[in-house]
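First, the structure itself, so that you have it in front of you.
Chain naming follows the written order as A, B, C and D, and within any one chain the residues start at number 1.
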Amino acid sequence: MTIEFVYFAWVRERIGIGGETLDVPAGLATVTDLLDWLATRSPGHAAALADRGAIRVAVDQDFVMPDAPLGTPAEIAIFPPVTGG
Amino acid sequence: MTIEFVYFAWVRERIGIGGETLDVPAGLATVTDLLDWLATRSPGHAAALADRGAIRVAVDQDFVMPDAPLGTPAEIAIFPPVTGG
Amino acid sequence: MIAARVQAAAFDMAAETARLTGGRSDIGAVVTFTGHVRADDGLTALLIEHYPAMTQRQMMAIAAEAWGRWPLLGGSIVHRHGRLLPGEAIVLVAIASAHRGAAFAAAEFLMDWLKTRAPFWKQEERGDRLHWVAAKATDDAAAARWTAGGGTT
Amino acid sequence: MIAARVQAAAFDMAAETARLTGGRSDIGAVVTFTGHVRADDGLTALLIEHYPAMTQRQMMAIAAEAWGRWPLLGGSIVHRHGRLLPGEAIVLVAIASAHRGAAFAAAEFLMDWLKTRAPFWKQEERGDRLHWVAAKATDDAAAARWTAGGGTT
C-alpha cells in the first residue's frame, strides 16, 4: 500500500523532510502499528516518534486515535498538538 | 425640601412634562411615600405612577428600591425599566 | 481604562479598536460587540432616549467594575441616542486583554449591564405608530449571571 | 453561512463585518474576536505553519457545526500564516445573529476550536532563537465546555 506522509512543526524538523511517499508493508493493523514501523526508517523518524503522547495523527485530514484501525488511507499527517488561534 | 424631578419614556409622556422642580412636604420617610405624594398632583401623575411594579426610581443618579429612606436628594428620576443596549 | 460615551452620531468600529491596539504589543485579544437596529415586524426606526447625567455616572461605575473583575488592557463603550434606522449600529463594546477569556467575559458583562441597568429607553416607530419597548426577563437573567448567587458565572 | 479562509496577508476587520451586515436589517448583534501577536519575553516574530488541506476541510466542518448549534445569520473566519510581527492580527472570527447570546457563544466556540483542533503551529522567534509553542491545557479545558459531558456550557 502506498501512502503519502506529511509532517509539520518539530515532527517535520526531526524527520528532516516535509513529507514522503512510502510503500507501507501489509499487516499493520492500527495507527500505532504504522508509527512503530515508520520509527524504524531513520534516526530522525525514531526521534520524531519517540514520545507518542507528544504527537497527533490525522488520516485523510481527520484526527485519529492511536488505536484506530489503519484502513487504506491516501494521506497520513503527523504533527505536535496544534497551537493555532 | 426642594427636589428636581426628571421623567423619562412613557412616565414622561403620561405626566406630560420632562421634569419639574417641586417643594416636597416634610415627613415623607421613603421613596414610596414620595411617589404616593407625587401621584396626588395631577391625573397625569396618578396615571404615570399607578403601577408601581412598572416604574423604577433613581435618586441622585443611583437606582433605589421603593422602601429606601428618602434622605435629602437633589434629583429624583422616575422612568420605566430600561431597554438600552 | 475603558472609555464610555453617548452620542447621536454613528461610530466607527475599526477606529475604536485601532485606538485600543495601536502601537501596543501586549494585547493578545480584542472582542467587540456591535448592536444593530432590526426591522422586526415592519419597524421603520428606533427612537432612543436616555438620562445623560445618570448614563455618564453609571457607565463610569460599570467600566470600573469590569476593570476590577478581569485583567483588561483597554476598552471602549459607545451608545447612540436619537432616531436610528434599520441596519444602523446602536451600541459598541470593545475590550482588549492579553487573553481571550477575559475579553469575552468583560464584553458580555458590559452588554448585559447596558441592557438592564443603563438608563436608555427604546421606542419602536412603525410608520406613524410609536411603541415603547418593554424590558425583557431574559436580559435580567443574563445580567444576574454576574452577581453573587445569581446563577453560574 | 460562515466563510472560512487562510491567508498570509493582513485582513480588514471592518470590511469583514461590513460584508456580514451590509444591506441587511435582520441582524441585531455582531461579535468579533481578533487575536494579536504579543511581544512576550522579547518575542520578535511569530511564525505560523499550517496544513492547508486539513485546515480547509476542518474549518468547513466546524463552521457547519456552529451553524447548526446557534441561530446565526452570517460569519467569517480568517486565519493568517507566515511570519507575523508583534501587534499584528493573526486571526479573526466575526459572527452575526439576531441576538447577542448566540453571537457571543458561537464566536467563543469557534475560537476554542481554532485553538485546539485547527492544524496550525506557532513558532516563537526571539532574535535568532526559535521555539515551538506548546499546546495549553487551559485551551483544551475551554474547548471541552462545548462537548457533551465536557463541563458547563
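Going forward, a contact is a pair of C-beta atoms (placed from the backbone, for glycine too) under 8 Å apart; a residue touches a chain by one contact, two chains touch by 3 or more.
Bear in mind that the values here come from a model prediction, so they are computed numbers and not experimental data.
K.L.:
In contact with chain C and with chain D at once: which chains are those? Just list them.
P.N.:
Where chain C and chain D might share a partner, there is none at all.
K.L.:
Relative to chain C, which chain has the most distant C-alpha mean position?
P.N.:
When every chain centre is compared against chain C, the largest gap points to A.
K.L.:
What whole-number Å value describes the gap between the mean CA coordinates of chain B and chain D?
P.N.:
That gives a centre separation of 48 Å.
K.L.:
Between chain B and chain C, what is the gap in Å from one C-alpha centre to the other?
P.N.:
From the centre of chain B to the centre of chain C is 26 Å.
K.L.:
Going by the touch rule set out above, which residues of chain D reach two or more other chains?
P.N.:
35, 111
K.L.:
For chain C, which residues count as touching chain D in their complex?
P.N.:
Within the complex, chain C touches chain D at residues 12-14, 17, 21, 23-39, 86-87, 98, 100-101, 103-104, 107-108, 111, 142, 152.
K.L.:
Taking the complex as given, what residues does chain D use to touch chain A?
P.N.:
Residue list for chain D touching chain A: 35, 48-51, 53-54, 57-58, 79, 90-91, 111, 114-123, 132-136, 139.
K.L.:
Which of the residues in chain A end up touching chain D in this complex?
P.N.:
6, 8-10, 58, 61-63, 75, 77, 79-85
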